[in-house]
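Pasting a structure below so you can have a look.
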Amino acid sequence: MSGDERRLVIFGGPGSRAVTATYAGAGTRVLGYLNDTMPAGSDVHGLPVLGGFADWPGQPADVQFLAPLHKVKQMPARAALVERLGVPDDRWATLVDPRTAIAPDVHIGFSSHVGAFAHIQPGSRLGRHVGVRGSVFIGHDCNIGDHVFLGAQAFCGGYARIGEGAHIGPCASIRENIAVGRFAVIGMGAVVVVDVPEYTIVAGNPARPIGEIAPLAGTEQSEV
Amino acid sequence: MSGDERRLVIFGGPGSRAVTATYAGAGTRVLGYLNDTMPAGSDVHGLPVLGGFADWPGQPADVQFLAPLHKVKQMPARAALVERLGVPDDRWATLVDPRTAIAPDVHIGFSSHVGAFAHIQPGSRLGRHVGVRGSVFIGHDCNIGDHVFLGAQAFCGGYARIGEGAHIGPCASIRENIAVGRFAVIGMGAVVVVDVPEYTIVAGNPARPIGEIAPLAGTEQSEV
Amino acid sequence: MSGDERRLVIFGGPGSRAVTATYAGAGTRVLGYLNDTMPAGSDVHGLPVLGGFADWPGQPADVQFLAPLHKVKQMPARAALVERLGVPDDRWATLVDPRTAIAPDVHIGFSSHVGAFAHIQPGSRLGRHVGVRGSVFIGHDCNIGDHVFLGAQAFCGGYARIGEGAHIGPCASIRENIAVGRFAVIGMGAVVVVDVPEYTIVAGNPARPIGEIAPLAGTEQSEV
């Protein structure tokens, strides 16, 4: 409410509250959610739904937004959805937990979030709308594309390149110098030692292809 | 010794000191151990054995207790042992390392401990006598039963349900929405993507059954 | 520059800056690098190359050194190289991130480094020139030999013994009581449940031998 407090509105709902409740530190207050499947006024664990996605222009001018809408196997549609919202660049918040080890020269794009006890080593660049969950380790000189999701405890070795909208499951590990293609899905706990083509699902130790992502995957809008 | 200091006595011995030495923060002092296999007066790395398990009523009234007696494949007997001690609910301590990321609405039952750099996301509930070791990640809306043990770096996805006395090995990962049955054992590094029946041992990536736990497993009382 | 500030010079180069940039805390300043493949005066992300390895005696007497020269499959030669430098014991620095959970009785040898959010439990001993990266978990009563490298998020259970120069990949887990032989290599994400002989490479879940390290591996000096 005061001029020093950052005010956030989140595109999402119950599933997104994990991000906001644990990552938003002192000086940041979440006002509520924008959600297309729950009516305005609905309660999301103590915070209100303020309207639908299209209602963001009705928020006060000082409010910033976050869209942690990552969903496994639906990222092509989710990324397109976020891009279509039309929120100006300077209205997106970037949420970085203060309990992180991030080298000074790391670049983090807007609307990204980084959870507690995560590491990002020198020379790495993260795009826009990237989700980095708790205890993730990103090695030096990595390139993490827009809309990428890294689940809790995931690991990327040095010089790894993760393509736009790829979904790295929790506890997965990506060897140094590996390239993961756009919208690829790395299963929970997968150990990735060779490059992963775009739209490919891999799992196991070592990780092997087990399926593909349709280019329009996730076009149905589901609860988030 | 002062009125502001919490004083603890631990059911256990050498193996338990890892918990007390690293989790007990400022304002908490461990007086010693109760142990049925080492005589009173024995030294456990600088702290004394104060008596056997049955001697807890002899401790001063302000002393609180912790029973980190989890042992893989012996949890049916260990859980029964802890329940038989007869310690009143309000004499159990709960030990949470201050260097943790725990959402405000999380419930943690008494006599549980949570190690450094652990995460517990919104909406999750932990039972009594639960051991959560360092860097564990518990997702949102999980239900963790009494006497569960989660080894270091273990991961539980959102809405996971872990039954009473289950033992989740270090570095194991449990996919969201998965149910792990009572007294099941998840091997170190196992990647669990389907429900695990009670008393079942699983291991591997993906995890597969490799054995069973006898319902009376661990009835011999071994050093802890 | 002031008497209270610790000044470091690093044997290494671009790959080593991840260590220095993220582990060196307040009160420590890195002056630059000693490197045998880049000419003096070269820029390493804002810090200068000050000379070759043999030039260390030319540094001011208050300067301390660190040699994070660990490289997978080249550790026999790398360990020998570090030992040959002839730096006196009291000129080596030990670099421990303040955001760690290390039991009071842990011993860490000189020229070792420990990254953020790492755990070392009671009774464990680390040798000289050991690299412990971010979020590593070392259980109680472990014995970690000289020149060992533990990649990010690696796990060692209680009483594990890791031989000289062994390389434990990121996200690998070593079961309690396991012995890993000298110069063995544990692959990223490997789950080690049986002892590993010296000079042996293992990978997978469970880990199995996939190759060997030559006793003179890494004798060519490559960029670090």
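By letter and in written order, the chains are A, B and C; residue numbering begins at 1 in each of them.
Rule of thumb we're sticking to: a contact is a pair of C-beta atoms (placed from the backbone, for glycine too) under 8 Å apart; a residue touches a chain by one contact, two chains touch by 3 or more.
These numbers come from a predicted model, not from an experiment.
Counting every residue number used by either copy at the chain A-chain B contact, under half are found in both chains. It takes 120 degrees of rotation, in steps of 5, to superpose the Cα atoms of chain A onto those of chain C. Chain A and chain B have CA centres that are 32 Å apart. Counting partner chains per residue, chain A has residues 99, 117, 135, 153, 171, 189, 191, 205 touching two or more of them. Contact residues of chain B toward chain A in the complex are 99, 101, 103-105, 117, 119, 121-123, 135, 137, 139-140, 153, 155, 157-158, 171, 173, 175, 189, 191, 193, 205-206.
Taken in their complex, chain B has these residues touching chain C: 15, 17-18, 21-22, 45, 97, 99, 115-117, 134-135, 152-153, 170-171, 187-191, 203-205.
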